[in-house]
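Going by the order they are written in, the chains are A, B, C and D; count residues from 1 in each one.
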Amino acid sequence: MVDLTIDLNGLQLKNPVMTASGTFGYGEEFMDFFDISRLGGVLVKGTTLEHREGNAYPRMAETPRGMLNAVGLQNKGVRYFAEHIYPRIKDYQTNMLVNVSGSTIEDYVQTAEVVNELDKIPGIELNISCPNVKEGGMAFGTSCPSAMAVVEAVRKVYKKHLMVKLSPNVTNIAEIGAAVEGAGADSISLINTLLGMAIDAKSRRPLLSTVTGGLSGAAVKPVALRMVWQVAQAVKVPVVGMGGIMTATDAIEFMLAGASAIQVGTANFIDPCVTAKIVDGLENYCAEQGVEKITDLVGALEL
Amino acid sequence: MKKYIDDFKVVHNERLNHEYVILTLQHPGRLPAMLPGQFVEVRVDNAPHTFLRRPISIHDVDEKTNTMKLLVQEVGEGTRRMGQLQAGDTCNLVYPLGNSFSLPKGKRVLLVGGGCGIAPLLLLGRYLKEQGIAPRFLLGARSKDGLIAMEAFRSLGEVFTTTEDGSEGTKGFVIHHPVMRTDTPEIDQIYTCGPEPMMKVLAKYAAKHGIACQVSLENQMACGFGACLCCVADTRDGHKCTCTDGPVFDSTYLKW
Amino acid sequence: MVDLTIDLNGLQLKNPVMTASGTFGYGEEFMDFFDISRLGGVLVKGTTLEHREGNAYPRMAETPRGMLNAVGLQNKGVRYFAEHIYPRIKDYQTNMLVNVSGSTIEDYVQTAEVVNELDKIPGIELNISCPNVKEGGMAFGTSCPSAMAVVEAVRKVYKKHLMVKLSPNVTNIAEIGAAVEGAGADSISLINTLLGMAIDAKSRRPLLSTVTGGLSGAAVKPVALRMVWQVAQAVKVPVVGMGGIMTATDAIEFMLAGASAIQVGTANFIDPCVTAKIVDGLENYCAEQGVEKITDLVGALEL
Amino acid sequence: MKKYIDDFKVVHNERLNHEYVILTLQHPGRLPAMLPGQFVEVRVDNAPHTFLRRPISIHDVDEKTNTMKLLVQEVGEGTRRMGQLQAGDTCNLVYPLGNSFSLPKGKRVLLVGGGCGIAPLLLLGRYLKEQGIAPRFLLGARSKDGLIAMEAFRSLGEVFTTTEDGSEGTKGFVIHHPVMRTDTPEIDQIYTCGPEPMMKVLAKYAAKHGIACQVSLENQMACGFGACLCCVADTRDGHKCTCTDGPVFDSTYLKW
């Protein structure tokens, strides 16, 4: 038996496989396909203080082995979440983490305060990297001072696990990672989507209502892997890697690069059972390679 | 409704013309219940440019043989690959997805389709007939060649046709067909699926004549089952997912 | 007859299709496949002051619809180029532009000075964005002051067309574009490769000798298109777009986003005739869409 | 040598075992001259994970039928797709690429191959024979199953074999074969292609016995024709491209 458990700076995961925010709904959408209690964790949809309608249609464009989205944090607001959704999902036998977004620091703080009161939510993922909203979002994640400011403010009010999710649209990701660690992050997740664009040559129009959107899927894996490697070397807190993970082999690559856990996003759309398969695949890889504890893989890249 | 993911076996690929095929897919075991208006998400294998699944309506269902039919119009790499599937091949589906057409307001129904939008109307027609409601179809195309799978529709009810070039049926768009061009059309319920401009014209027509109208929308979908929130339509209640709240909407519910 | 000619701030192109540096050798490698005089221009291999051996093997890894390279500017130095290669290629009936790289500003300046003396070379492309060298390279392209410094220094000694090639590995590409324009660039080309990484899960080793390398190919197109769009809006000099262009349709998308000309890189490896096909494809598109002059497409995106 | 890019027609796919096939590809017109040791770059269609072409050695050439043969070992998606090509399919090649084996230093030649590295040795053997030099082959594999295409080699000359498990020929690696285990081996020239460790052992052996040795290298190639500089080998003159300066190198030229 391979030991797949991970201690993510106090947050206990039964295995390193989590689902990425905005790609797994509230988990409910996947219940017909597999038992989500098999997962290490679920990052629920991006949640904001107030209800948000998100961006206008069209919000999605396919790209070479990837996709652009411009959802724009559509959600009913954190109070609706606490009242109506939380009761439905709180007893799932996995870590249900809330992905928190905002336009101002005050937004983030107030949202985190509401989530802090929800007993069965063991942590939040602070999204300082959403490229699809006009205010806030990515802007916070692209400079050290603003990233630190929002993390410090939330840290003051949020008592449980504070994961901070970085934007890849920066010159120096290691610097930002170190900054948010200094500001009190318990773990760091990356990457959010790369800012991209798609055009229909025939109609000469952008394919997204917002012109630019967030790129995800297999295409971004090399960039994500590099950034995870850079951040893992720059910080002491655990790193949660994502970006283009489609298979167990991809997940292992991220762990070798230094990720203690991983998240799977876009792949869920193509195979709703993919995360269960990745859990199995991690176990098989460890068994084949004689790895007894999966933690032995973390950062085990041989240079 | 419970959703599934399964490998189906292609048992038949009927080529209708240069751009349309009907695939008959067999479930490995017992096909679960599926409703008219629902769709499947097809995984397209061996296609370098097709990253996501492709949504395709359920065209017909045969519970006796545990098969369903998909009517596919080849418009890009994904649908072209589907058009190349051969008996014996495997086709992985996530299904059944979306809501469904609901029972009509009145017995006089008209099912209006254009292009590959005729696909869900066959199963709907079969379903209505089973409920004792005689479906009438109005199918439009650019020209005669575009009027496909006619026998299947005729076996269920009356079929009217229009073509833009007049090569068959009434010349013009569906809205120009005599069945609609009276002051008091004998229609209680329109069901429609096809190009958005067509459906918008029908929705307006329905509103004017006090006819109920259900439209089946297309949209850019990444998942097809409510996980990504990419596929919204603008409704009176704000953004709603075409893949879970739709694809079928009451035309008056949409902000058209 | 469609008019495909482009006036790139004084540099006359018979059509907007050029080949990207490092992917087309000195043009000679493609002579067997098609007549390279059909091209608007050829960007020759990255050239430095001194001979460089480049990085150790392995230098290439395939990724989802892309590739990583870690060539590291292998070349025989600008003097060898001037003496031995220039005479062979100088009479090609297309714009032969030299891609200039360096580790210090002085390197860039001296290299540019040598090229300045070569009559038949109508311009250089200043590569301030190579991710595959330890010193200089990308470092210059990731901050405004250093980008400006190198461009200003070269501008003083280089009298012909000065194209500056930007790195995509930055937070704000528009800012860098504006800075190099201010420093005297005649045109701006982008994107160079995105910094990425690949790992072999089985051997637990990086697939490149340098661990990280430059990502190119179809996968990067959405990011490249977005950056071209952003820079085109921020500057007045013409923009030359590249990154993942595989087809004429891709090329048109870049022009709609604001590129006056385009470069094709990785696609040359898969189809050595691809650039000739793109020239044909541009002409066909224009003919079909009733576009008389291809310049009408530049920035013609409808928002 | 002039390089070409052409669509070839697959005229035959001979499956040797679960992992090896021999493809026979026909040129649309007249096949240009190709030398032993050269390779082609195969475009792999319908393969989502295969972005670049794949380099494959020219296994054999038949000028009368304008065909060439490729011996393909299925190791990943690209080669597996090649293994699925069927008579009538099209296969796009850039060819002929690389330098070639050169004439031997002396008449007593030994062609040593392992795995898919045996591929270029057949054409080389044929070429040597045409030059009046009798090729002797030493082919190694893990076990009997890995010794493939033996008849073709036997038709050209003497064939020695080794298998790691001893299921055929001498037990051990190629270096353990009696033909090499004498103090004065009757070999003037070794040609070798196969796993790098094998070739390194042979290079050392050749150096020790004063035998000339040409090795054919593999490398990560993006283009195959000198445009990308990805495929360098470390030589006494610094980095040289395996695809243009190689794939065949004199073993003493390499920094091994």
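By our rule, a contact is a pair of C-beta atoms (placed from the backbone, for glycine too) under 8 Å apart; a residue touches a chain by one contact, two chains touch by 3 or more.
Every value quoted in this text rests on a predicted model; they were computed, and no experiment measured them.
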- line: A correct list of chains touching both subunit A and subunit D reads B, C
Message: What's the distance between the Cα centroids of subunit A and subunit B, rounded to whole Å?
response: 36
Task: For subunit A and subunit C, let me know how many angstrom lie between their CA-based centres, rounded off.
output: 34
- line: Chain centres from averaged Cα atoms put subunit B and subunit D apart, in whole Å, by 54
- request: Please work out the Cα centroid separation of subunit B and subunit C, and write it as a whole number of Å.
  value: 47
- prompt: subunit A: which residues touch two or more other chains?
  reply: 63-66, 218
Field: subunit B: positions in contact with at least two other chains
entry: 48, 50
Task: Name the graph shape formed by the protein chains and their touching pairs; answer line, ring, star, complete or other.
output: ring
Pairs of chains in contact (touch as defined earlier), listed by label: A-B, A-C, B-D, C-D
Residues of subunit D that touch subunit C when the two form their complex: 2-5, 43, 49-53, 94, 219-234, 238-239
Task: In the complex, go through subunit A and note every residue touching subunit C.
output: 63-66, 68, 142-143, 169-172, 194-199, 201, 203-206, 211-212, 215, 218-223, 225-226, 229, 244, 249, 252-253, 256-257, 285, 300-303
- prompt: Given the complex with subunit B, which residues does subunit D contribute to the contact?
  reply: 46-48, 50
Query: For subunit C, which residues count as touching subunit D in their complex?
result: 22-25, 29-30, 32-33, 45, 53-54, 56-67, 69, 71, 74, 217-218, 266, 268-273
